[in-house]
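Each of the next two complexes has chain A plus one other chain: chain B in the first, chain C in the second.
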Partner chain A sequence: MKTGRTRGLIRRPPGRALTLCLVLLAAFLGAMAARAQDDLRCLGCHGKPGFRKTLPSGQVLDLFVDPTPLRLSVHKDLSCVQCHADVNEVPHTTMPQRVNCKRCHYEGNTMGAPQTSKYLEFDKSVHNLALLAGNTKAPLCQDCHGGHFILSGSDPRSRVSRRHVSQTCGTCHIQIYGQYMESVHGKALTMGNKDAPVCTDCHGEHDIQGPKVASSSVNPANVANTCARCHSKIVIMKKYGINAEQVSTYKNSFHGIANEFGVLKAANCASCHTAHNILPPDDPRSSVNPKNIPKTCGRCHPGANANFAKGRIHVDPEDRSAGIVYWVALGFKILTLSTLAGLFIHIGLDLFRQVRARKSREAVLPARPTEENEP
Partner chain B sequence: MSDSGARGWRPTDTESVVRGVARGLTDALNHEMREDLTEDQVERLKERLAGSLAADASAGVRRVHHAFLDQERRHAKSLERRKRREGADGTVERLSLHLRVQHMVLFASTIILIVTGLPIKFHDASVSVFLINLMGGPEVTRIIHRIGAVGLTCVGAYHLFYSMAFEAGRRDFGLLIPRPQDIKDFFHQMGYFLGIRREKPLFGRFSYIEKFDYWAVYWGMVVMITSGYLLWFKVLAINQFGKSIYDIAVEAHSDEALLATLAIIIWHFYNVHFNPKRFPGSLTWWNGRMRVEDFKEEHALEYEEMLRSGGLEHGGQEAGVRAGVSAEARRESP
Partner chain C sequence: MTSHSTDGTVVRMSLLQRLDHALLALCLLLLIASGLALVYHEQAWAKVLIGIMGGMRGRGLLHRAAAIGLVFAGLLHFGGLLFSRKYQSDFRAVRFRRSDFSEGWKGWIHGLTGKGAPPYYGRFTPMQKIQYWGIFVGCLIMAGSGFVLWSPQASLALFPKSVYDLMLVVHSEQAQLIFVVLILWHLYDVHLAGGNFPMNPAWITGRMGGEKFRKRHPAEWDAMQKGEQE
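Showing the complex of A and B:
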């Protein structure tokens, strides 16, 4: 039966399969043609270089669209009106609105968009909150991901790739972008270093939240853990000669402990190293350069003098490089252990003797229970 | 007692009485007078002599009288103390009220410091977060910690003053200084524990165990108070002494805190609470008293000393005999 059916399929004339193929091809070509026709209608105007409109306010809108980037993007198979869905007549009677990506991008869509609800994270982000508050400059999806030339984040040409995302953020956050590009992180990025953190590594992607929000990765309570994602990894830190214990020494310091117990005014990593301006201590511009340390410490501890810059800040008493602190810690460890051992032995012997005394007393005077302890 | 006699004496009368006697005395001095004096002058000179003698004598009498009363009062006080020391209930005073108050302030401050301090050392433990929040959060506990610190500093400073300015303090401090005998006692005790020696060592007012306890606290206070104030006034400390001194203070404060806490919980609590002889706890810290049998056993030498000086009747039962002890014997005993 099984073999018969197989044989039957092979022997069947190819007519029906061919018909199916042809129908599919026709449908595909038809769709292509329809799309091409749609797009041709749009490009009739928008394809002309120099096509522009002057608004009553005097603002000039460049309305020229080069179709090439779209054809190279992940949306290469979409026609204009699939995204610009509110455009249905030419010339437009109403001003076309900004594209709503959620038409396709939701979990369970049948349009072939990635099955993810990641975009929902955007709802609680600082950008969406600004948008809801009426800030017209607040970014939508396309402001970061690009309009027509949308590529996967893993594509190095993408606006949201590791290489380019900082630049993308920088289109609005210009000043911070300038600081970041001067910092040790930005420099490393420019050098093509794949470990270098970009904006989204610290701030998150869709769910970027302001530092005042408790769940934000850059909230004072979470900064150390955010930095620790790289700075406590020996594999990464070893490459750059940075001590991977910096995070744990911070967490064991009074600053770290106060922070852990919820005193958010206590210093976190960024309080001393700054957030975007991070520079190595040997850089004279660095906030942790010995020359600048009195000023940096003085922001919270008024009156700090040059002594604050002498010696290490991140002291690890377990490590020999801590110098005298290591020896003090070791001395106390030995003192504590030997004292406790001595005390335990003394107590043990005392109890041993008391038990023996009681036994021998019972042997002599078995009939008389007594509380006296004298042998 | 000569108290009643002293009470009958009225020093205000002295001058007139002495004046009468002195007047008679001056008559005997007639031949000392210069011949060129008139009868009247001789009379006035005698009067003046008598007055001067009377004034001197009454001042002297008054001074001796006061000194005598003072001495008697002190005497009565020390008798009173003695009486308190040896109660009729078969106990003796081990710790004076003075020392008890010092001990209470010390342990109250120490408990405050431990419960607000150790959670910082063990900040990874969830119980630490719970404790800190229970006490009002880190901003409150740092204030409480500093209140404890001030308490500890005050009792430490007062104890230094007490050890120098008070006779009892000086005496106890002297007895607390380690001596070679303590090492001998220690090995004797070890021998006793192991059954090599039949008798326990005999201790004076402070055994080597108590001396260890005392000097452990002494060392701990010096370390904790010094490092604690360096941490409290950190900017000043770093500005003045450098960061490495501050780093050492951080480490020492944290490590000594643990050592002190463990020593108190293991050693001190064993000696005063968990030792089967003491369980569930000695009340000496509260009423200062100790049973005479325990005293005889644990401070045999001090007991003997007290017997010899008459400070304590055998068994501590007959309270009345004490009054008969001679003043010399009392003064000999420190």
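Showing the complex of A and C:
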């Protein structure tokens, strides 16, 4: 015996849901086919190794595109023209412009790009300001993130991952990259040390600003706080045998206080340790090696001699390692506090004496004048 | 030398002493304000003070100008000691004597318990002597260490940095001791305590009421009476 339900299934034509699925699949396959068709058209030329063009200036542009990296990137589902949106005829009658990532990358987009306001930070960066000023060498998004092989920053293979970002910056900032890689920070990075600062830790990412901008993390007024992000952390510094008090000793020094109150010519961390070529003091090439200290100090203090290196640079009078400075400070503190205690006892006694004198006056001689002091 | 006046007051400070005292007070106040603002630079009041002084440059200039004023007050003091009889007489009186300990002790006991004889103080009480010598030695240390700190380049041409660091800690710690001794203790002891509020006018007029003087400095009073009788 057949139930009504079974009968219904047999009798009814294919359901609406199934129809919808088939339509969607057809649309998807159609789109894929269209995309593949589009991409094939592009790759017809750009997929040929050695495809290049010589510009009137003599510059040779390598226009070969290997589609594999794109298919492994976060943009694997996009077709060529979704990014190269100004290309609408083949062969191109106009020179295709550089890709504008902001077509999709803005907060509130419906294209599936990450929802973040980071994109806007680029607008006020030194790189964008250079672009606006007409510098054609200034980087766009793709210069750092990559053109076709764009990966998430958390992917170790990404050009903007911690491991590779310095190298990426070094593409343009070659000399600084060389100095950085020689520095204690660069060497630590090479060794795979995750604490090692990379360019973006000090300079920022999208909002990189020139050192002359007051809000820049590498403006002379902010350098100490930027270094302090790591150098005041005991947990990190302890691993490398570095004193985490270096920041506070600087901030309490003449240099640090002057800097705090806006005297930006006063030395900051980078003035002595350099910005990129930071080396430990026992390295003979280091700007803070005792042999080089007269030269380093001499940049601001003309005529600086070897005496500048005779003694500690970061002195903490509250730490025993400061030696005689610690003991003298301690002695003075004890003396000052004892004097203060003496003063309180003096005032207490004085008040006590006055209260007692008043009581005895009230009892015996109500009209007796108050006892007074004088210089 | 302390002498009677026709109106029953006692001359306590000569004109030169008052000028010296006023200059010393002004310079020390400026030095302490501009110096402690640097030591306590993280405090809100210090930021306000440095702002009032015109920032770090103004603060530095004010501190150095006041330092020159302090040195001048010191030179005035030494000049007085060489050429003024009042200075010389006061200097002899301000030296510590064995009786300062015994009379000081008596003063404590009398103040604390009300028992025993009141202290028989001379021209200067032991407390005033401590304050004088504290400031005397303190100012010499401040001037010496201050000149080392004045120009790091000039100082480090002569001394190693460790000496500079030592002078820095001596200078800033001694300043705080002077602040306690002078601003707190001396101001309280001389200008605020015992009915002198808001201040003892002797530093301006140079004179002190005879009755007050007799009670506070009985030994000196008796010596004056004896001198007059002779």
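Basically, the second predicted complex is superposed on the first by the 349 of 375 C-alpha atoms of A that agree within 3 Å, B and C clash if a C-alpha of one lies under 4 Å from a C-alpha of the other, contacts with A are read in each partner's own complex, and residues count from 1 in each chain.
The rule is simple: a contact is a pair of C-beta atoms (placed from the backbone, for glycine too) under 8 Å apart; a residue touches a chain by one contact, two chains touch by 3 or more.
None of the values given here were measured: they were computed from a predicted structure.
> Just from the overlay, do chain B and chain C fit on chain A, or is there a clash?
By the criteria stated at the top, chain C and chain B clash after superposition.
> Thinking of the overlay built on chain A, is A:His301 touched by chain B (first), by chain C (second), by both, or by neither?
After superposition on chain A, A:His301 lies in contact with both partners, chain B and chain C.
> Based on the superposed arrangement, let me know which partner A:Asn88 touches: chain B (first), chain C (second), both, or neither?
So A:Asn88 meets neither chain B nor chain C here.
> Report for A:Asn135: first if it touches chain B alone, second if chain C alone, otherwise both or neither.
The answer is neither, since A:Asn135 touches no partner chain.
> On chain A, what residues does chain B touch that chain C touches as well?
In the superposed arrangement, which is not itself an observed complex, chain A uses residues 252, 254, 257-258, 260-263, 301-305, 307-308, 310-312, 315, 317, 322, 324-325, 328-329, 332-333, 335-336, 339-340, 343, 347, 349-350, 352-354, 356, 373-374 for both chain B and chain C.
> In their complex, what parts of chain A are in touch with chain C?
That would be residues 252, 254, 257-258, 260-263, 301-305, 307-313, 315, 317, 322, 324-325, 328-329, 332-333, 335-336, 339-340, 342-343, 346-347, 349-350, 352-354, 356, 360, 369-375 of chain A.
> Report the residues of chain A in contact with chain B in the complex, numbered from low to high.
It comes out as residues 252, 254, 257-258, 260-263, 301-305, 307-308, 310-312, 315, 317, 322-325, 328-329, 332-333, 335-336, 339-340, 343-344, 347, 349-354, 356, 373-374.
> Inside the complex, what are the residues of chain B that reach chain A?
For this pair, the touching residues of chain B are 120, 123, 129, 132, 137-139, 190, 192-195, 234-236, 238-244, 247-248, 250-252, 255-256, 258-259, 262-263, 266-267, 270, 275-277, 297.
> Within the complex, which stretch of chain C touches chain A?
12-13, 38, 41, 50, 55-57, 108, 111-112, 114, 127-128, 152-153, 156-166, 169-170, 173-174, 176-177, 180-181, 184-185, 188-190, 193-196, 200, 202-203, 208, 211-213, 215-216
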